[in-house]
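What follows is chain A paired twice: with chain B in the first complex and chain C in the second.
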Partner chain A sequence: MEGKIFVITSGKGGVGKTTATSSIGAALAMAGKRVAVVDMDIGLRNLDVVMGLENRIVFNIVDVVQGKCKLSQAAIKDRRINNLFLIPASQSDNKDVFKSEDMVRLGKRLKEEFDIVLMDCPAGIERGFENAVAAADEALVICTPEVSSVRDADRIIGLLYARSITPKLILNRINPAMTANGDMLNHEDVTDVLSIELIGLVEADDNVIVASNLGKPLVMINDSKAGQAFIRIAMRLDGHEDIPIQVPKSGSTFWRNIGSKLGFK
Partner chain B sequence: MMNYTTNKTMPVKLKGVGDGLRITIDPTQSLDLLKEDIGKIFKNLGHLAINAKIVIDPGENGTHKELISTLGKYLKNTFDVGSVSGLSPKRSAPEERIRQHDINHSWEHYRSDVLMLAGRIRSGQKVSTKRHLVIMGDVNPGAEIFAGGDILIMGSLRGAAFAGQPDKEDAIVFALDFRPSLIQIGGFVGTGAGPSKLKIAEFAHVEKDIIVVEDYLKTNPFGKMPWPDKR
Partner chain C sequence: MLNEIVKKLFGNKKSSSATAKNRLKFALIYDKLEISDEILKNLQHDIVEVISRYFEIDRDSLELNINKSKDSSALTFNTPILSAKKRKTS
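Then we have the complex of A and B:
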């Protein structure tokens, strides 16, 4: 069976595309899928660092497209999770090195090799976005509950529709306490404006920073709320659409404050 | 309807009109002759004249107020008529024409002057028309809509709206949920004071060179128009 290519995009930078790509990729691989995560941010590669694979890069995606190596040589196998592969970006080229046709051709080869391909799209709506979207079958739009992020996501959604791709929404970095106080947009405000299918709500979680610094997959940290949310998103993408979307809730801040004073997490 | 018409050479004619009687007189004739003729006719009417509503029509030239009031007194005293008045002044030609429009349902033959869209206008999208613009759906922040005439949003307006472009200052911008980031009507720009947070139907229009936003249902800007007219 032929695989499927998802592009993970947002328009705005710093909203969690790379974290989402690595986490969803890892979760799908743990569920038994053969997964490739592809860093499309040519010139500003990050995904390898977040996944802790930066020391193992020999070839990259530009080498594959230019025929300098085979696809299998550029795909780095994760040693902790079976079936998870990273195709890193080049750090020395820029986005103009590809054309959309190159990506369509590469996409076909990736779909032959892997069940699921996740493309980590760069920020912006220029060449890098065009390339990342060119080969995609589906799109996941990452958005944080901030007005600027919502506006950029809205623009991206319009561009994806124009390419006949119906995107799904992941709302990332929700702060339940701020939402409860009315200091942050709630997920209904966001879905109201963006009006696309919501596939997951992810709470802001310090473990994300810990995991990315350690190069450890977030989904392998058991008490990470964000990690668990990404696992549920991966399951929904894998056909388990009946898993309910959990709205992050703040516990009693009083007890949590006391708990943290006493050294509990 | 009654129709008593005297000899054509006579200076007075009588006609039953609606709920009263109309006397057409020749104002060039002497008052005595007129009184005599009117007297003859009203004698024939007998009790029909009592309390009748009389309109005296002195013809095309002038109003002849004095003549009408003199004849009026005479009629009231002699025949107990109810009221006597001259003809009400004629309506102006343009008003007459507009009323005719209404009666003839002129809009039935009128080609649509509206661009009507359904759906959501997203950030970065731009809708532009020389006509009026109706959107059944929402306009997201970051979207821009331009119209030569009015803009009506059957949903929430959060983007920028430019109505009456380039110089139609009587255009309006209406939305069921009015929260635009910018409004321009003709050459007037409205920013600054944030939109109200109430989810009520509001509209913006230009009043004394300032863009004013008001509750649509309370203000009811077009409810006071006496007859429907195309916009």
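Then we have the complex of A and C:
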């Protein structure tokens, strides 16, 4: 059976594309899928360090596209998780090193080799975005509950629709206490403004930084709320759409509300 | 200090997330109304062509604008009409 390509995109930088790509990729591989995560941020690669595979890069995606190596030579096998492969970006080229047609061709080969391919899209809406989207079958848009991020997500959603892709939304870095206080957009506000289907809610979690410090997949850190949320997103992508979306909560809302109204944080 | 606590307890201060949602809704509407200069230029060209079929107009003093107000936007096109064209009757 042919595989499927998902692009993970956001428009705005720094909202969690790379974390989402590595976490969902790891979770799907742990569930038995043969997974490739592809860093499409040519010139500013990061997926490799976040996954702790930066020391093992020999070839990269540009080498594959230019025919300098085989696809299997550029795909780095993760030794901790079976069936998980990283195709790193090149650090020395820039984003217009290849065209959409190159990506469509590469996408076809990737789908022959892997069950699921996750493209980590660069920030912005220029060439790099075009390339990352060119071969995608489906898209996940990720944003945080902040006005700047939501606005950029809206722009990206429009661009995806123009390519006949109906994306789903991951709302990342939710602060449940602020949401309960009315000081953060909740997931209903965001899906309402963006008119988009939700695929997961991810709580802000210090473990994301710890995991990237260690170069360890977030989903392998026990008790990571964000890690668990990404595992559930991966399961939903894998056809278990019935897994309910959990809304991040923290402690008793009643007493915390009274506390914060009194000025206790 | 005490004043502040009383205010926090009883005040009906609007939550900042509600403000955010409102601002976003308007921002997204405005974003979608933004039209590139090229489209505007082509539009102007087409409008001039259509009007010129019926009127003599001063092509140099044309003005095409998009006026936005809080909850609506209007496309306005200003041109002095020099004279009506006589339509050929056939």
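The working rule: the second predicted complex is superposed on the first by the 251 of 265 C-alpha atoms of A that agree within 3 Å, B and C clash if a C-alpha of one lies under 4 Å from a C-alpha of the other, contacts with A are read in each partner's own complex, and residues count from 1 in each chain.
Quick note on the criterion: a residue touches a chain if its C-beta (ideal position, glycine included) is under 8 Å from a C-beta of that chain, and two chains touch if they have at least 3 such contacts.
Please read all numbers here as calculations on a predicted model, not as lab measurements.
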item	value
Chain A as common anchor, with chain B and chain C clashing or fitting	clash
Touch count on chain A, higher of chain B and chain C	C
Which superposed partner A:238 touches (first chain B, second chain C, both, neither)	neither
Which of chain B and chain C A:193 touches, first, second, both or neither	both
Partner chain in contact with A:183 - chain B first, chain C second, else both or neither	second
Partner chain in contact with A:152 - chain B first, chain C second, else both or neither	first
First, second, both or neither for A:93, with chain B first and chain C second	neither
Where chain B runs into chain C (options 8-16, 134-142 or 206-214)	134-142
Chain B/chain C common contact set on chain A	147, 150-151, 154-155, 158, 193
Chain B contact footprint on chain A (complex, rising order)	147, 150-152, 154-155, 157-159, 193, 195
Residue ranges of chain A in contact with chain C within the complex	145-147, 150-151, 154-155, 158, 179, 181-186, 189, 192-193, 261-263
Complex contact set, residues of chain B against chain A	120, 122-125, 138, 140-142, 158
Chain C residues within the chain A interface of the complex	4-5, 8-9, 15-18, 20-21, 23-25, 27-28, 31-32
